[in-house]
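Take a look at the structures below.
In the two complexes that follow, chain A is the common piece, with chain B as its partner first and chain C second.
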Partner chain A sequence: MPDLVKLTIDGKAVQAAPGTLVIDAAKMAGIEIPAFCYYEGLTLQAACRMCLVEVEKMPKMMTACTLPVAEGMVVRTETPQVAQARKYTLEFLLTNHPLDCPVCDKGGECELQDMVFRYGAGESRYTEEKVHTPEKQFSPVVFFDAPRCILCFRCVRICNEGMGVGALGVIYRGVLSEIAPNHGDHLECDECGACIDICPVGALTSGIYRYQTRPWEMQHVGAICTHCGDGCKTTLGVRNNRIIRGNNRDHSGINGEFLCIKGRYAFDFYDHPERLQAPLVRKNGKLEEVSWSEALDTVANRFNQIRADGGTFGVIGSNHTTNEENFYLRKFAREVLATPHIDHHRTGDVTALVDALSGKTGRMATVADLYNRKAVLVLGADLAREHPLLSFQIRANYRHHQAHVYAVTPGPVREDKYAVASVRVASGGYFAALEDLRARLKAEPELVIVFDDSFKGPDVHRLVEFGESLGIPVRYICLVDYSNSRGALDMGLVPGEGGMRLDEMLAADLSALWVVGANPFKGTPGVPGSVARKARFLVVQDLFLTETAEQADVVLPAASAYEKSGTVTNTTGEVQRLKRAINTMGAKPDLEIMGFIARQMGAAGALGPWVPETVFAEIRRTVHGYDIPLPEIDTGGAAPTTPVNGRVTEAGGPRPDLIRSDHNGLFASGTLGRYSKVLNSVLEGRLDR
Partner chain B sequence: MTFSPQLEARFDKLLKSYPPGRQRSAMIPMLMYAQDELGSVTDELVDEVARRVGVTPLQVNEVLSYYSMLHRKPLGKYHVQVCTNISCLLCDGDKLWEHACKKLGIGHKEVTADGQISLEEVECMGACSWAPAIQVNYDFEHFVTPEKLDQILDGLRKKA
Partner chain C sequence: MPNKIEDVFGVAAAIAKGMGVTFKEMMSPTVTEYYPDEPAKFEERYRGAHVLQRDANGMEKCVACFLCAAACPADCIYIEAAENTETVRISGGERYARVYNIDYNRCIFCGYCVEACPTDAITHGHGFEVASFNTSTLIKRKEDMLAPIPPGAKPPVIAPAGGPAAH
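Up next, the complex of A and B:
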C-alpha cells in the first residue's frame, strides 16, 4: 500500500491514494463537486467545465475531474469564484438547450435540471435565436434530440469502452456538433440502450419509454432479468400495473448499471397480444377457455385417477421458473406423484464441473471475479452475444486492471480486440490449443476459466485436470443459457433412480406428462415442425400457446418472472431475489398453480405452504450450498452458493449428449424471445439470431 | 480501394512515420492527399482510410466533419478561399467576398456550373500581415483588391 497523499479540501484534511482525482477525493470526504462529463470507470474528458475548483498556487481554476491529488494541495470548492464559474458554465450549456423540460422524458431525473436548480443562474443573457435541429431516430430503441445535448461524450465513451462497440461519435464542430450513429443515419450495434441511461440530459431517449410517463409517477421494482443466465438486476419502472421501462441506474446488483437489450427492453413480452389469460381445457379435440377451478379440477382428478391406477407420470421443469417453484415441483413429483421421471433442458454441464471439482472449495468463479481476477480464459462462447454481462466484466477488467484475456473460440469474438491471445479452433481442437497456451497460462498469477457446452462430460473433467495442472489458483464458470438453469439443476429437476430423461420422456408412453414453463416439443432448431406428443395426458403451464401448449389437454396460464416473487440462481451460481412488479389478469405464478393442484388433489399437506418465503426457508435448510446469508439477497445483492463438495452422481450415469445450449444471441431468447416486440423490431435482430 | 502509385507511396511513408500503434495519426494527411486525387472524400475513401489506420469509419467521419478543409462533395478545379476573419475584414475582406460571389454567381461552398471554380468563405488563414488574403488551392494571393481578384479569376478561367 503506497503512502496516502495528504491534502486539504474546503478546510477539511483529506487523505487519498496517489493518483486519486480531486473530484473523487472530495467525494470521499463528503464534498460534492458537480460534473457532467466525469463518469466513474470511463476515460476522462474534461469537456463540461462544471467541476472547476480553486487550487492554491495554481493560477487558473482547475478541472477537479482530471487533477490528481498532490501532497499539501489546498482545494476550495465553494468560493464565490467557483460559484460564478458554475453559474456561467450552466448559462453556456443552456444557450441552445430548448428548455422543453415539461415534455422531456428526462424531466424530473435530469442532471442538467438538478444542477441548474442548485448552481445555476435564474436568467440568461443570451437573446439570440437558438440553434435547433429536428430529432432523429437512430434505431427502434434510440432517439436523439440534438438541441438537448450538452456534449459530455458519456454515450460515446460507454459505447466505445463499456460495450466495446463504438457505435456513437461526435461529428461537426462548435455549435453544430452532434452525436452521430455508426451507419450514416442509423445505428448498427448491440441496441443495449446504455447510451440512453448514461445521458445526463434528455438528448438520447428510449423508443420504448419516450412520452410514456413522468418519472416520478413510476414505482421502481428490482427484478432479475429472465432472459440469459447472467442474472442482471433490472429495475422495472411500473405504473398502473404496467412495466414502462427497465434500467439499473442505482447500480445495485451484480451488473452495476450494465444491461443489454434484453434486460433493458425485452420485458415487453408480458403484454403480448397472444399472452394466455385464462386456462384452456381440451374439449372435443379443441382447447377451450375455462375457469381456473374447472381447469384445476380437471388436472387434479386426472392426476388422482392415474395415481390410483398406478400410471406413470413424467415431469419437465423450466430454466425460467424460480428456485422455489423448481423445488416445489420436484417435491411434488417425488412425493405426491411418486415418479422418478423428472428432468429439464440442460444447457451446460454444471454437474460434470461440480463432480470434477469434488473435494475442493471456492473454485466456482462469480461475476465479480471476472472483473477482479488477473487473467481470464474464454473457451467456446462468443460472450458478447450470448453472455453480455460476462463480456462487459472482462472488458472492464482489461480497461481498469489490464487483465490478460485468452480467447479460444470457433469464430471471431469481441474479446479478440484486447486479448493477449486469440486462437481459432475447430470442435475437438480445444485441448491442443490449450496445450499450446500452457506455458503462458502457467505464468499467470491466477485464472478464471469460462466454458460453454463445447465442454461436456469427460471433456469437463479433462479441462479441470488441465486447470489444476497449471499450479495457479483457477476458478471456473460453466455457462448455462437461461435465468434459472442453475437453479433447476440445484433444486434437483433431474431423474431419480431409474428415471427417464427429457428426451426419453417425450418419446415414452406416459400416463401423464406435466410440463412447467418449458417448450420441449418445439422440435430441433432449423427443422420445421414440432415433435408430436406421446403422453396420454399433457398438462402445460406457460405464458403463451407454445408448440408444447398447443398439444396439451390442459393449459394453465403462468405468470412471468416479473409477476412473481422468489429467487433465481445465475450461471455463476449466485442467488438473487425477484420481486413481483405487476400482476397480469388471469395468470398465476407457477408456485401457486402447483399449490392449487396439490390442494385439489388433497395432497397439499405433504408439500407445505406454497408461499415463496416458506419454500425458500426450506431450500436454505435442505439444499446443499443454499444456506446463504439472507441480508445479502434481501438488500438486492447476490449471494454465491457453495455447491456440493463431493462426488455428484446422476441416476443412470451422465449423458453429455443430451446437454445442448441454444446459443441465443443478443436478440434471441428461446421461445420467450419470439414474443418480445423489441427483440424482433431491431434491425440487428433480423441479421443475427 | 486502390490509388495512384504516387499516392500509395505517400501513404506507405505516412504510415511508417508514426510509432507502432499510432497509425491513426496519419488519418488527416491521408484524407487530404486522397481528396486532392479524388476531388472529394467519398464514403469508399472513409472506409478505406479507416481500415488502413485501424479505426472505425465513424471515427474518420468525426475527424473529417470537424475540419473545414476536408470536403464530402467535389469542389471546383480551382478552390478559391476568401478570408473574412478580423484582419482581412478590417481591410475590406467582406467586400472582396461579396464581389467574388457576384462575379461567379455562386455562394459559400458552391461550384460554378462548369465545375472549374468553387468558393469558400474561410476563417483566418494566417496571412494577416498581407490582408486581405485569398487562397487558390494551396497558393496564397496577398493584398487582394476587387480588381486583382477579377484578374485572378479571369486567369483561372483561361487556364481551365
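Up next, the complex of A and C:
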C-alpha cells in the first residue's frame, strides 16, 4: 500500500491515500463539504461550484470535488469567505429555480432544499423574471421540468456511464441549457429511472410516483424484486396498503443504487384489475367464486380421498415463491402426499455446475465479485437485457478498475463497447471460441465465468474443465431466470426416485396435479405442455387466471412477493429476506394456503407450523449450504449459500432438454410481466417483443 | 378593641361601594350574548372549524402539499393527492387534494396547520358547533369545509361524479 498523504482540514490532521479527492478526505474526517454535481463513482464535473474551499497558498478558492490531496495541504471549509461563496452559489442556482416546493415531488427529500436551508440566504437579490419552460414528458416513466434543473449533469453521467446507454444530453447554452432525451422529444432507453433517482432536485420526476404523495407520508419497506434472478433490493414506498414507488436511494442490498425498470416500477401488477381476490371452484364446468373455507375443504377432501384410494399426485412448484414455501411444498408432497412426482421449470443448469465443482469451495461467484474481480467472461447471455444488475456490475468494474471483459455471445451485446474481446458464435461454437481465447484468459490473474442456458448437462462439465485448466482462480455464475429459481432447486423441488418430470406430469393421467405459482400450460411454441390438462383434479395457486389456472378445478388466490415474508435466493446463490409491504384483500401467501390445506387434511402435525421464520430455521438446519449467518440477512444484506457436494439429490439428474431460459428482456417478465401496466406502456417494451 | 360605631360605619361604606359598582354596571350597555337566540360573536383570530379557501377564480387553493398533515400534532388530517389534468382542473397548482379529511374527534384547534400552509388554503373559521352524539360524523370531508365559490368567479371544471380516478 502506498504511503498515506498527510493534510490538514479545518485544523484536523487527516491521512488519505494518494489520489483521494479533498471532498472524500473531508468526509472521512467527518467534515461535510456540500456538493450537487459530485457523485461517488461517476466522472468529475465541477459544474455546481458548491464545494469551493480555501486552500493555503492557492490564490483562489478550489473545487474540493476535483482537487486531489497533497502532502502538507491546508484546507479550510468554514471561513467567512467559504460561507459567502456557498450562499452566493445557492442564490445563483436559485436564479431560475421555481419556489414550488409545496407542489414538487422532491419536496422533503430535495438536496437543494436541504442545502438552502443549511447554507443559503433567506432572500434573493435577483429581481429579474425567472425563465419558464413548460414541463416535458420524455417517456411514460420520465418527466422533465426544465426550470427546476440545476444542471449538475448527474443524470447525463449515470445514463452514459452507469447504464451504458447515454440517452440524455444537454442542448443549448448558458441560461437556456437544458437536459434533452436522445430521440428529440422522447427517450428510447432502458427506462430504468436511474436519472430520476439521482436527480438532486425535482427536475426529473417519475410518471408512476408523480403527485401521489410526499416522501414522509410513506413507510419504506425493503423488499426483493420478484422479476429476474439478480435479486435486487427495492425499497417500496407504502401508504394505505398501496405501493406508491420503488427505489433504492439508501444504497442497501447487493445492488447499491441500481434498479432496472422492473425493480423500480413493475411492482404495479399487484393491483391489476384481473388480480384474483377470491378462491374459484369449478362447478358445472364453470369456475365460480367461493369462500376460502369452501375452497380449502374441496381441496383437502379430494386430496384425502385420493390418498385413501391410492391415487397419484403430481406437484409443480414455482420460480417465484419463497424458499420457505418451496421447502414446505416439497415436505408436503413427500411426507403427506407421499409422491416422488415433484418438479419445477428449470431455467439454468445449476445442478450440473454444483456437480462439476464437487470437492471445491469458494467457486461460486457473488454479485460483488463481478465488480471486484479482474476479468469477466460472459457466455451466451445478453446481460444488459436479461440480467441488468450483473451487466451494471461489470460495467462499473470496467470503469473503476479497468477490468478485462470477454463476451462470447450469439449476437451483439452492450458489453462489446468495453470488452477486450467480443466473439460472435453460433450455437455449438462456444468451445472453439473459448479455445481461441485460451491464451489470453490464461494471462488474466483471475476470472469470473458467467454462462446461461447455452450450457447445460455435459457442456457445463466441459466448461468447468476448461476453466480449471486455465490455472488461475476461476469463479462461476450460472444464470437462472426468476427471483427464486435457485431456491426452488436448492429446496429440492425435483423428482424423487422414480418421479416424473414436469413434461411427463403434464401428459400423465394423474389423480391430482397441484401447481403452485407456475404456468406450465402456457403454450410456448416447441415446449411440451402446450397440451390441455390430463390430470383428473387440478389445483392452482396463482395471482392471476393464467392459462394454467383457467383449466383448474380449484384456483386459490396467492399473495405476490411484496405481500409476504420469507427468503429468496438469487442467481448467484445469495439469500436475502423479503418483508411484507402490503396486504391484498382475499389473497393469502402460498405458505399459508399450503398450511391451511394441511390443516384441513388433518396433516398439519407432520409438517409443522407454516410460519416463515420457523420454516426458515428448519431450512438452515436441514438444507445443505443454507446454514447462513442470520444478522447479515436480517439487516437487509445478502448471505451467500455455500454449495456442498451433492446438494441437490435428483434421481437421474436433470434432463438438459427441459432446461430452458425464457430470456426475458428488460420489458418482459414471464407471465407476471403481462400484468404490469408500466412494462406494457413503455415504447421500448413494444419494440422489444 | 374595635368600637361598635366604627363597625357599623365600616359595613355601610362597604355596602355602598359594592352597590356603586352594581348601579354603574346597570347603566352601561350589556355584554351578555343571547346565544343561541342571536349568533355568537368572535374575535378575528378565533380558531374554529377549518375552512378550505378558494382563490379569486374559484379554484381551490390547496395543492395537497401535506404540510398541514405533517405539522398536525394530533395527526388528524388525511390527504390523498392527485394531478390536475387538461380536463379536470381543481386547484391552481399542478396537484390538488382528491381527499382532504379532518378528524374533529382528534383536532385540538392548535392552528399549526394554518401556520404551515404555504398557500393560505386552510384557515380557521368561526364555526364552533361541532359537537355530535355520533363520533363518526366528526370526520369532515373536503366538501364540508370548502368555502363557497366567490360571486363572479369563473367556476372550476368540476370533477366527474365519484371523483377522478386515483391514477
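As a working rule, the second predicted complex is superposed on the first by the 677 of 689 C-alpha atoms of A that agree within 3 Å, B and C clash if a C-alpha of one lies under 4 Å from a C-alpha of the other, contacts with A are read in each partner's own complex, and residues count from 1 in each chain.
Note that in this section contacts are C-beta pairs under 8 Å (C-beta built on N, C-alpha and C of every residue); 3 or more make two chains touch, one makes a residue touch a chain.
As the structure is a computational prediction, the values presented were derived from the model and not from experiment.
Visitor: Is A:353 in contact with chain B, with chain C, with both, or with neither (first, second, both, neither)?
Guide: neither
Visitor: When the two structures are overlaid on chain A, which partner does A:107 contact: first (chain B), second (chain C), both, or neither?
Guide: second
Visitor: Who does A:280 touch here: chain B (first), chain C (second), both, or neither?
Guide: The answer is neither, since A:280 touches no partner chain.
Visitor: Once the structures are superposed on A, label A:51 by its partner contacts, choosing first (chain B), second (chain C), both or neither.
Guide: neither
Visitor: So, A:214: does it touch chain B (first), chain C (second), both, or neither?
Guide: Only chain C; A:214 stays clear of chain B.
Visitor: So in the superposed three-chain picture, is A:146 touching just chain B, just chain C, both, or none of them (first/second/both/neither)?
Guide: The answer is neither, since A:146 touches no partner chain.
Visitor: What residues of chain C sit close enough to touch chain A in their complex?
Guide: Residues of chain C touching chain A: 63-67, 69-70, 80-83, 93-95, 118-119, 167.
Visitor: Under the definition above, what is the set of chain A residues touching chain B in their complex?
Guide: 166-173, 180-182
Visitor: For the complex, which residues does chain B have touching chain A?
Guide: Those residues of chain B that touch chain A are 56-59, 61-62, 65-66.
Visitor: Going by the contact rule at the top, pick out the chain A residues touching chain C in the complex.
Guide: Its residues touching chain C are 100-103, 107, 210-214, 216-217.
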